[in-house]
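Below are structures written as structure tokens.
In what comes next, chain A is part of two complexes: it sits with chain B in the first one and with chain C in the second one.
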Partner chain A sequence: MEKEPRPEKKHASLSGANKKENRQLNLMTLPTVIWYALFCYLPLFGIFFAFKNFTPVPGDSLVENLFVNSEWVGLQNFSYLFRNPQSVSVITNTLIYNAVFLVTGIVIPVTLAILLSEVHQKKFQGFVQMSLVLPYFISWVIVGYCVYGFLSTDTGLFNSVIKYFGGDPVQWYQSPQYWRTILIVLGIWKSTGYTLIIYLCSITTIDRTLYESAALDGAGFFQRVRYITLPHLRPTIATLFILGIGSLLNSDFGLFYQVPMDSGALTEVTQTLDVYVYKSLMVNANFSYSAAAAFLQSFVGCILLVISNMVIRRLDRDSALL
Partner chain B sequence: MRIFKRIALLALAAALSLTAFSGCGDSENYGRDVIRLRWVTFSNSVPPDVKEVVKKANEYSAEKIGVVVDLEFQPSEMINLIMASGEYYDIIFTCSWLNNYNIAASRGMFYDITDIVQTASPELYKVIGEYWDAAELNGRYYGVPTLKDMGAEMMFRLNSTYYEEQKGMTIPESMKFEEIEPFLEVYKKDNPTKYPLAMDKSGIAGMTNFLEKIVGDYIVIPYEAETPEVMPIWENEEFMKRVRLLHKWYQLGYINPDAAAMENSAVAKDTPVRAGVAWRGYTGYSDPANWGFNVKLSLYDGPFISKSTEQGGMFAISAGCDQKHAEASLKYLELLNTDRTFRDILGYGIEGKHFKYLPNGTVMKTEEGSSGYQPSLFTTGPVTNASVLSISEDYLSDPDLWPKVFAGYKEYGIWSKAHGFIYDTKRKEDIVATLSAIWLNYYTDLITGTSDPDTVIPKMKSEMEKAGLNELMDDVKSELANHLAKYN
Partner chain C sequence: MDNNVNTAAPVKEIKDSTGYIRPQDSSYGKAANAAAIVFFSVLTVAAFLPVLLVIMSSFASEQSIAEHGYRFIPHEFSIDAYKYLFRSGSTLPRAFLNSVIVTLTGTVLGLAVMCPCAYALSRKEFRHHRALMIFLLIPMLFSGGLVSTYMVNTQILHLKNTYWALILPGMCSTWYLMIMRNYFRTSVPDSLIEASKLEGATPLQTLWTIVLPICRPVVMTVAVFQIFAYWNSWYPALIYIDSNHNELYPLQYVLVNIDRTIQAITRDAAHISGMTVSDLPGTAMRMAMVVVTILPIILLFPFFQRFLRTGMTIGAVKE
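Showing the complex of A and B:
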């Protein structure tokens, strides 16, 4: 494999105009920098919650309560996450769903984006795009009730159809075997449109003349996709993939808690880490425990993100994030 | 380095400390200097007209005692959060089932009012009387019990138009839990597509109240035992009998098939059998105009009285308060407990707009009151000092209901023998957190009859045992023994 030469670093001083432009650009990033500093970096001291037994004294400030009034407990706050005999299934559930969403979250939107970019009727394209994005804006609570309309045992649409054809009605909310599929379909249904837009945008930035000359050379549709579109999409795919890896232990609480209506019989397939943490801490609000869970998620996510970024850099340096 | 640390801490403190409460400076509004209190109480929804009502109440209390409040209705998660984060408040709702009084008080979160309550609020001290026991912890008081129904009485609410007038059945004053079965059967026969015991995921109200809850809902002490014995709930035979019955009823189609997935109160209005937790003489379940039929109550459990039921509602003052605010809080609670006019404002709203007084001394809500200001009565002060609510002008309540209810507790109450035993879950918090998650996975299916207890409970039990149930049980048992030793 041929290695590209690294671009040489330029040490030449910037011209006056350039400097001014830089200053303007820097100024424009200021709001974002401040936002990140306030809401992402400043609250980082909250990590201490995960390693302390947080016992506030009424009237003292939060900082005093955290640093002075609370004692260190090491890793004690993490133990409830692993005490449960269901912990293994909780973690595997989280990982399996995320892995599926990671793959389908690339394959489906990319395929749709490519197909959609081939549609030349603008109105139709816009219509399809709109209807795919729409679910993204519907809250899970509402989706949950819509799903109930389909799956309700006595009045649901599915069971009405089953009964019409002489079958036995299914107790959907008591039958875990269907729910992996239901949840995955819903997850895809809700998120596809949003990612689709990102890919569609990248496709529109590809120089159209490439396709024209390829077509002149006799390249068919699949060849154009294989040799032009996909290579151009690679950096976008890599970016979204790396970001997805970073939240491998997180899960969409709405999807896994609201949509199955918290039905106990479905627990084995619906209980992800976030759902488990919510259920454990319903009885006692314990800041330290929830901070421990969040810390674990971010910590594992961060490591996975760095590793996957390294791997991708090995494979294709231009597609990596850092 | 140290200086840097200190500066960093200070900067953090400045950036993060919650905005302080305002102490005074309301003189221009009320014509005199008043003390303003932050009063946090419990409600799942905020009444739309709360501002207007509190303004009216503040005018009244500013004139009488020079204290006004910012009343906040907060859901249980928020109250837990306010407590867990050490946020400032003056008065907060606490009880045995939310923001646990005994635990918070034993951790020093609440103001010790023992020494000031008699001087700052002598009338309040007199009114609460023997029920101060509910607030007693190691000989000190850290909160003010709310006088309301002090024991749990569980009842079925039956459609008497259907059962008694059409079917010629008799609804007894009280019945055993299982004796509801023939009523369910009759209705199901007449209406095969309907569910006589339709319910949501919260199950039959109060069905497990015959057990004193010690940890979550799953470690309990039965009331009837002579010597209090702590056990996992499935070792109680009455509980097992009930969940088995429920499962049978579920299979017979008496209970709606998706009960375990249904959120609160989505049950059809014509359901002929419902359950409720109230007290003898309560009329709130029975308005024929609301239901479209006559409702008759039949008691199936209780009244059970323990320290925990007596702590069904309380108000405590933050340990972060200075004495001035603590005394003002007590004065305010005193006014709520002694001045009926004032109590009715916070309980029912503005007279003429939200409610009106009926000739027999009870009150009736107006339409505007039912939509604009409808907090549960016990969340805004003592229930006994408020006027009794009548459902309609034709369906009047007894205005002197409460002395009778309280006399009833003495006469036929089933009193706990556990001497107010409370287990501090902080002792085994990680086990409790784990067990709670496991319990929640099975609980709704059990109490709605959806799952078969004889297959589910062994499974749940073994999971709980793996998660440390036995260790927790041992600790609870030894704590109980220690506690009981004090009384022998």
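Showing the complex of A and C:
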């Protein structure tokens, strides 16, 4: 996240008071450390699931089941994953949606932030920011029902309008061809406000006199954006881009599971890795398989993050994340 | 941040030679400003529309929904949906209570765990600073994935079908720890802490009496983010709470299971009032339940937005 200043040289001899204080500080971090150990580090050992054929014996403990009762299968789970046409389509879906969100997640908020920053009325500016960010704080479950209000076959607003103009009602939840667009629009609707505020905040730190002197010098609006605003936003854009690349195989479970109401007819376009992992675990109880998919997600994400960070660091040292 | 200087330099020179700055707040002309205001007004309304449709539909009578569908202005207004929702059964009040319990416990517990740690991290004399930072950052890069998390939480920590399954997994976050640490470090003068130490206060006492009162904005920010996160959470309920433990369902998860819930409510209602199931406002009730769930957020949002902005903008400033 940030560059830590190197701590001062180790004190060769800590005084008694310092020692005591350090012990107390250590103690203060203990609850957090325990939480991380239990909820972040303990599950890391579950990586073994991905390389085992998990065959639990009822009554045995998890550790016994994982290490004694289940045999090593090497990369077999992964090769199944890549030979299964369904999981390949799931990975493709995930990549498509994330690629789109990566681009729209930069272009739309940056454009809106630049436009909004030029509005004179500061109160209006604040109002717009807060209104646009509200969707971010609404859960996907609720969004799902909002969408249902528009798309329900019998009572939805869209079909009422279509019928009013004499068209045939559409069975939205059975028509996969519309859902890529629907999900992308919703993803943008929910996240734009938040990123907009981040960019806008960065824009407000720009020295206004730069713009004034540029205007004086005859620079038009687009030139000012091109030569002042965008270069200033570069580090923020790079940060969000790197984070986006790092989660290229992750997806918002709520958007892809709850918003399409888990409709079977839509799975070919709505199912992403997170939904797939959830379903293979909870519905089909296929532990090793879904563990392999989950491992892939985490592993690839980590590698992509490091690589994209490396590339950005090459291009522009200050914009890199780590 | 240095990279801005290069592009800015030539412009700056010209300004110096001209010697004055025009008192101008923005680079838009009047017409452009008006156009921008119209544009953003439309955008704001568009962002609200989906929520508005749900709210308006919840006030429609069942018959008008059946005939005219969900509309922004219901053909016929009615509050029957709400009446049945609150009159019938304990499903909804119970779920509301669960959501409140989980939200409050999770937020308070999370802060109680994270604040001391963030304070230790903010102190220069804390010796394990670097090691702890790495320990906290690794999970941001690499996680065990759903399967092993699920197995650990259910088989080792035995969280299945307990409130703790809804509270514990989302309690801490490296992100919150970082913003609190940075805030503690920059806004509390070292001299205050040294003075407190000289008076013999332990670090925990210093945190409580000196640091937290000064740093209330950042603590509130984390609290508000956590409140919204817990209130909106339904995924833990989906995977950790079985259907035979539905007394633990939070509000959001009741909505996920809405059809089953509406069946239960209509059964209860039919029992109480002797009505047949088809008379009950099922489609409007659906929307009324959504409104009940979203209402606390919409009501609290204006009060919380100050803190939300702090949280979001802290994230924007890269060190």
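In this text, the second predicted complex is superposed on the first by the 226 of 322 C-alpha atoms of A that agree within 3 Å, B and C clash if a C-alpha of one lies under 4 Å from a C-alpha of the other, contacts with A are read in each partner's own complex, and residues count from 1 in each chain.
To be clear about the criterion, a contact is a pair of C-beta atoms (placed from the backbone, for glycine too) under 8 Å apart; a residue touches a chain by one contact, two chains touch by 3 or more.
None of the values given here were measured: they were computed from a predicted structure.
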Which superposed partner A:Leu281 touches (first chain B, second chain C, both, neither): both
Contacts of A:Asp154 with chain B and chain C, given as first, second, both or neither: both
First, second, both or neither for A:Ile228, with chain B first and chain C second: second
Partner, of chain C and chain B, that touches more residues belonging to chain A: C
Partner chain in contact with A:Leu62 - chain B first, chain C second, else both or neither: both
Touching partner for A:Arg83 - first (chain B), second (chain C), both, neither: first
First (chain B), second (chain C), both or neither touched by A:Ala265: first
Chain B versus chain C as contact partner of A:Tyr41, first or second or both or neither: second
Touching partner for A:Phe49 - first (chain B), second (chain C), both, neither: second
Touching both chain B and chain C, residues of chain A: 42, 45, 61-62, 148, 152, 154, 281-282, 287
Residues of chain C touching chain A in the complex: 1-4, 7-8, 11-12, 14-15, 18, 21-22, 24-28, 32-33, 36-37, 39-40, 43-44, 47-48, 50-51, 53-54, 57, 65-66, 68-72, 112-114, 116-117, 119-121, 123-130, 132-133, 135-153, 155-157, 168-169, 171-172, 177-178, 197, 202-204, 207, 228, 231-235, 239, 252-253, 255-256, 258, 283, 286-287, 290, 293-294, 297-298, 301, 305, 308-309, 312-313, 315-319
Residues of chain A defined as touching chain B within the complex: 42, 45, 54-65, 67, 76, 79-80, 83-86, 148, 152-154, 171, 173-174, 260-265, 267, 271, 276, 279-287, 289
Chain C partner contacts - residues on chain A that touch it in the complex: 1-4, 7-8, 10, 18, 21-22, 24-26, 28-29, 31-33, 35-36, 38-47, 49, 61-62, 112, 115-116, 118-121, 124, 127-135, 137-139, 141-143, 145-150, 152, 154-157, 159-160, 189, 193-194, 197-199, 201-202, 206-217, 219, 221, 224, 227-228, 231-232, 234-236, 239, 246, 253-254, 258, 274, 277-278, 281-282, 287, 290-291, 294-295, 297-299, 302, 305, 316, 318-319
Complex contacts: residues of chain B adjacent to chain A: 9, 12-13, 15-18, 77, 80-81, 83-86, 88, 107-109, 201, 216, 256-258, 260-263, 318-321, 425, 429-434, 436-438, 440-445, 450-451, 463, 466-468
